[in-house]
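Across the two complexes that follow, chain A remains constant while its partner is chain B and subsequently chain C.
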Partner chain A sequence: MSHSSDPVSPEGNESPAATSDTESKDGAVIILFFIIGLAASMVVGWVVFPTLLYSKKYQPVSFNHTLHVKEVENGCQSCHFLRKDGTFSGIPTLNSCKSCHESVQGETEEEARFVSQYVDRNREVPWLIYSRQPDCVFFSHAAHIVTAKMDCVTCHGHIGESDRSPVYEVNRITGYSRNIWGKSIAGIKHNSWDRMKMDDCSACHVRENVRQTSVQTEKGGCFVCHK
Partner chain B sequence: MKVDRRSFLAFGVGGAAGTALSPLPWKLTDDLSIWSQRWPWVPIPKDGEIRYETSTCTLCPGGCGIAVRMIGERPVKIEGRKDHPVNQGGVCLRGAAGLQYLYGPSRVRTPLKRVGKRGQGQWARISWEAALSELAGKLKALRNDGHPEGLACITGKDRGTVAALLKRFMTAFGTPNYFGPATSTHALETAVRTMTGQEGPVGFDLEHSDLVLSFGSGLLDGWGSPVRVFKAVSHRIERHAEVIQVDSRMSNTAARADRWIAINPGTEGVLALGMAHVIIAKSLYNQQFINQFAAGFDAFKKIVMADFTPDAVAGITGAAPGVIAELAEKFSQAKRPVALCGRGRGMVPGALSESMAVVALNALVGGINQDGGLRLLPDPAYISWPEPVMDPVALKGNQAPRLDGAGDHPVFSPATPNRFFDQLRENAARTPAILMVAEANPLYTLRDTQAVEKTLKQIPYLVSFSSFMDETARQADLILPNHMFLERFEDVPSPAGFSRPFIGLSRPVVAASYNTRHIGDTLIDLARRLKGSIAAAFRWTNYETCLKETLGRKWDGMLKNGYWMNTAASPVSWNTLFKTRSGRFEFNGEDMAAPPWKSIHVAAAGDSSAFPLVFVPYDSIRLASGSVGNAPFMTKTVPDTVLIKEEIVVEINRETAGRYHLAEGKKATLATPRGQVTVRVHLSDRIMPGLVAMPTGLGHTAYDDFLAGKGVNVNQLIGPAKDPLSGYDAAWGIRAKITKA
Partner chain C sequence: MKHVDSKAKKYGMVIDLDKCTGCGTCMVACMAENNVPFKKDETDKRLSITWMRVFKLTNGKPYPDNEICYLPRPCQHCEGQHTGHSPCVSVCPATATDYDSETGIVSQIYTRCFGCRYCMGACPYHARYFNWWDPVWPGEMEKYLNPDVSPRMRGVVEKCSFCYHRAQLAMEKAHVEGRKELKEKEYQTACTQACPAGAIVFGDLNNPEHEVHQVAQPDPHHHGRPKNPNAFRLLERLGTNTKVYYLSSREWVRRAGDNYLDSEGSASHE
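Then we have the complex of A and B:
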């Protein structure tokens, strides 16, 4: 195979000078192409791919956490609470919102829209959930906030201090929010809330030395979260 | 610069290296694995606050209290109510799969009018207004012709306000042709009525009995109120009670009983009388009861002593004389024994004398209205509407003879849908002009399916109220779909065999999913359209107010608890119990021309030389054999000894199979005098030689892909046998032959 590309003259006489010159030139070209290939794929992998992978969505109503936290008495728990049966309420339903927003309270456009489109029509707001985990995960808020006494910020970050809803980036392949994998496409995290993949759960479980078997089935490992 | 292949390769290698150094492959692998968990058909339950709505299940006569787990407005699971006296927290497979009926594809979603040929399944969706005015028009025309008796109605339920409204509608309209169901519960109640003079439900105090003797009753196969019976049977161990199962094959019940007595099929009543013989011969009966509270004992004794000797009974039943004697002794010596009747799930009434024999056996040991025995319950009699006033047309119509020939015997006049079809076959001139079918599916549940279908096709106008596209609805001209049970109010009185006066309340846990209407509202609306005395008989604004008014003082409590139960009522003592003219328990029944015991042994129809075997249908808790078929989840639990893909499997004894050269799993042709089908065979030691057993509940041709075309409907192979005493269907089997296919 290498024969065909050797710089051999038709007569079979080799020209030493010409050979070394062509070789170094060819080498440079090869390296150049290697670098071009490397660079291009790095650009694709690091820049183009993440842009293509996620599409941007906006919440139906932009929510101002800062404003609400000031108004309510009980901090996060005023709207996101554990129900009596131990399940977590998650994002409040329209009914909870209605207890204050039966009619327009303030002057923002968002609120006016919220009242006219959802409250008046008695339609649930289709909120996009940044922290939604796949259905195969059995996550108990009670175990984390009551038993382990963790605060909201550890996993959810400073969302409670935001004055508008962040853009919701949805993974086109999986359908889940980018918040699960994290902003950094390389998966690098600086804060505990930057990424919420399975490894992050188990790293914390190991570090905090939590029970390594399922409470329900006594099975170990995976069964703590996957029932 | 020369761009040759080497540079291109270099580019490729660089690209590969760069890709490996970027997150792309790792992230993509991760994403694809998550993607593969999100197929669109994988159900992901809704998340949200969980609450429970309580109601009563009406999928069978069990009357179980259910707690429906709701997320938002969506029911996601049916559980048993732990605080419910009937089922105490349990539900059966069917109840648990109940939501599949709500959302399944076989629901009729709006009134439908037939446009194609009958049974072709071509429908026009019409409005309720159009549907009701069409039906009202046809009904008015009948009355204008002076023949309101040309309207007939078949219903699958004959208790509670819905049945009472239907009956009232028929009476006010002017027709006697209202046909309720006929099951073993009805046969038992008729038996009790003629022997004790009591009208009303009959219960069995299984929870307190120390010996339950079941004459073929499928205690674990759906008999009575299935969950309650399951519980009573499984708790017997703690109570040191015993269950003895008399059965011709090792049913689930027989397999889990303390003792299984194998007898020839259809001879349960004979065995009961054989036991009576031993009990009387050895004077093991309750002397006080017989001497002070019974009548007709001498005549009973005479027949039993003469015709039902252990040897004679052994000859018929196949049980050894010693076993009969032992059983009789055991039964009479138990503290609180009870004998049960109704084969399998009790869908077929059987001969009246069979029920009477079992009641007589209970009476012999004094087990009537005693702890652990048979209980005569006062009729809750809460439906006390004034009789509808009939106009002259209605008065005349109601005088016409009934189309099922009921009423031709002074005592026993049960209405039976089977006989209605039989009579029409004999005399086509009496075909009604309009037949309404409510909560029934005669085209599937009645015996001799082919004949029923032919007769049904003669009826010019068929109206169905079915919630589902069942076999009968598919033949209809008009469908006025009822809400299904999770969408409607209804009273559910007297769970089958329950030992206390009880009324359950079924109530809507979800808003109607489709354009359906409560049948009660449909009837009230129809009556209004017919005006005059019919409208006057239906003054309620709607069904809910009718129900509320009817239940009166009970209503509030029922809304709160979901049921009404008379806990105070203690069983009436023998002194005042019997309402017969003699004031005593009549061993041979009241008003019988002769003691009824001659007709107790019903033979299987067919010629034994052409059909050397005997075909017996059997019931299973995994297969719903009533008017509403299996939910998909239920069919998933059916083993391959019952159904292999679409093919039905019959059970046959190894030895018998050998005689016909049949091997396990192989195809065979099964023929009876009524029909012929292809089956696969399962060889078994759990069934007597000479029998071929087939499960009930399969072989639907309507509904949806989950149910239609799977297996064979036993009713295709078996015809009704008229009990000479009562007219009830007494057939428990039929002669058959099987050949290698």
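Then we have the complex of A and C:
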């Protein structure tokens, strides 16, 4: 015990100052790496991930809504109509198309292809449905069009004024169309037709006081939209 | 938060046990209608899923006094002592099961359920079932599934919905015809329509024009307890206030419905 040297050496007195110097340099490097890392994750999260998440599909035939709306008499209802039993016809079957397209009418390549591949062979067109909801959802067009007197644009946007079919983007994980989540990956909504999620349905149902009959939540009853 | 357009309904059922022959058609109709999954080996009934299930009751006496009675049991859609205080709804931590104050139907949302099975423990009628496996339909049978009912996945609880999808479809027709109310025969459950003996009656218990109301005669001052002396509800004294009424002319059947012990008095409604 008596042989032990003084534990505090002159060098030891200098070292704290030296380490604080290197620490502040280390700190700057850490912050720099943090910022680079954050920026990189933002790019991955907001740009790379959404591109990877959705795969692009094209409709079997590009459909020109503008052209057809001019030709028909009754607007959207000419092809997408409510049946007498209250169900909705959705996308028309080949039979509706055939009434005009028995043979080629115009000069477009798409129409020629449609006639030769589907009409002549009597094959239904496997249209991709942008607004297809999950299995557990019940949606009544009759309730919205007839009783609530809503127009098509409120939910479907200006699809009736398009001259070609938009790209159908399918979520690789869920298999649902991107029209359900919306184009904005952050879920930002500018128009009523930007998204078709449950929150969008329920927001309107709360506003319009539609069957707010759930005992648990005092909001919309579950079996109004679920099946 | 009351809906102003229409009067609150209370959909319910009356099952006449004197007419029921125990044939099981209601069970088959229910499974086909509601895409209820089944397994290759259904010998272990604890693992079977049967939204509608026919039980066999016996008076326990030896021959020649032995009597049996068949009792079909769907979900009882309990209202509880105040609106929606059903055993299952009050315990669900996920809001996956809910009580609709306009229809009186206890809903189950499969995509919301995370499979804790608290509701199964709470249900006094064993009306709830758990999917231990993903459903597998043999061969081409998947093409015969009902598109109006969503199929369930592994890990969720399911139960009878009083075929609510049929009400949704009937409402679509009503919308097109400019009506706000359904007619009595427009919305009927699959089991009701399938029963060859006509033992099941379905309708709105609040509507005096509907047959269910006329047969069961629910007493609004006593939580819907039936005034018909032959009518009873399962486990009446628990206060679950169910919407499925049973009819029987036999005293022992009515007593069995409330699970009375030999030493106890007569059934509660008498």
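Quick note on the criterion: the second predicted complex is superposed on the first by the 203 of 227 C-alpha atoms of A that agree within 3 Å, B and C clash if a C-alpha of one lies under 4 Å from a C-alpha of the other, contacts with A are read in each partner's own complex, and residues count from 1 in each chain.
Keep this in mind: contacts are C-beta pairs under 8 Å (C-beta built on N, C-alpha and C of every residue); 3 or more make two chains touch, one makes a residue touch a chain.
Computed from a prediction, not measured in an experiment: that's the story for all the values here.
> Under the stated touch criterion, which partner chain does A:87 make contact with: chain B (first), chain C (second), both, or neither?
both
> Is A:49 touching anything from chain B or chain C once the two structures are fitted on A? First, second, both or neither.
First partner only.
> After lining up the shared chain so the two structures overlap, which partner does A:38 touch, if you call chain B first and chain C second: first, second, both or neither?
first
> Going by the contact rule set out at the top, does A:212 touch chain B (first), chain C (second), both, or neither?
The answer is second: A:212 touches chain C but not chain B.
> Have a look and say if chain B or chain C is in touch with more residues of chain A.
Between chain B and chain C, the winner on chain A residue contacts is B.
> Touch test for A:223: chain B only (first), chain C only (second), both, or neither?
second
> In the overlay, answer first, second, both or neither for which of chain B and chain C A:136 touches.
both
> Using the touch definition from the top, say if A:121 reaches chain B (first), chain C (second), both or neither.
neither
> Please report the chain A residues shared by its interface with chain B and its interface with chain C.
The overlap between the chain B and chain C interfaces on chain A comprises residues 85, 87, 134-136.
> Where on chain B does chain A make contact in their complex?
1-8, 10-19, 21-24, 26-28, 30-32, 34-35, 37-38, 44-45, 47-50
> Write out the stretch or stretches of chain C touching chain A in their complex.
1, 3-4, 83-84, 89, 92, 95, 98-103, 105, 107, 109-112, 148-151, 161, 164-165, 168-169, 171-178
> For a test of understanding, state which residues of chain A touch chain C in their complex under the given definition.
Per the stated touch rule, the residues are 82, 84-87, 134-136, 138, 140-143, 146-147, 209-219, 221-223, 226-227.
> Could you pull out which chain A residues touch chain B in their complex?
Its residues touching chain B are 5, 25-26, 29-42, 44-46, 49, 53, 83, 85, 87, 89-90, 93, 134-136, 171, 173-176, 181, 185-187.
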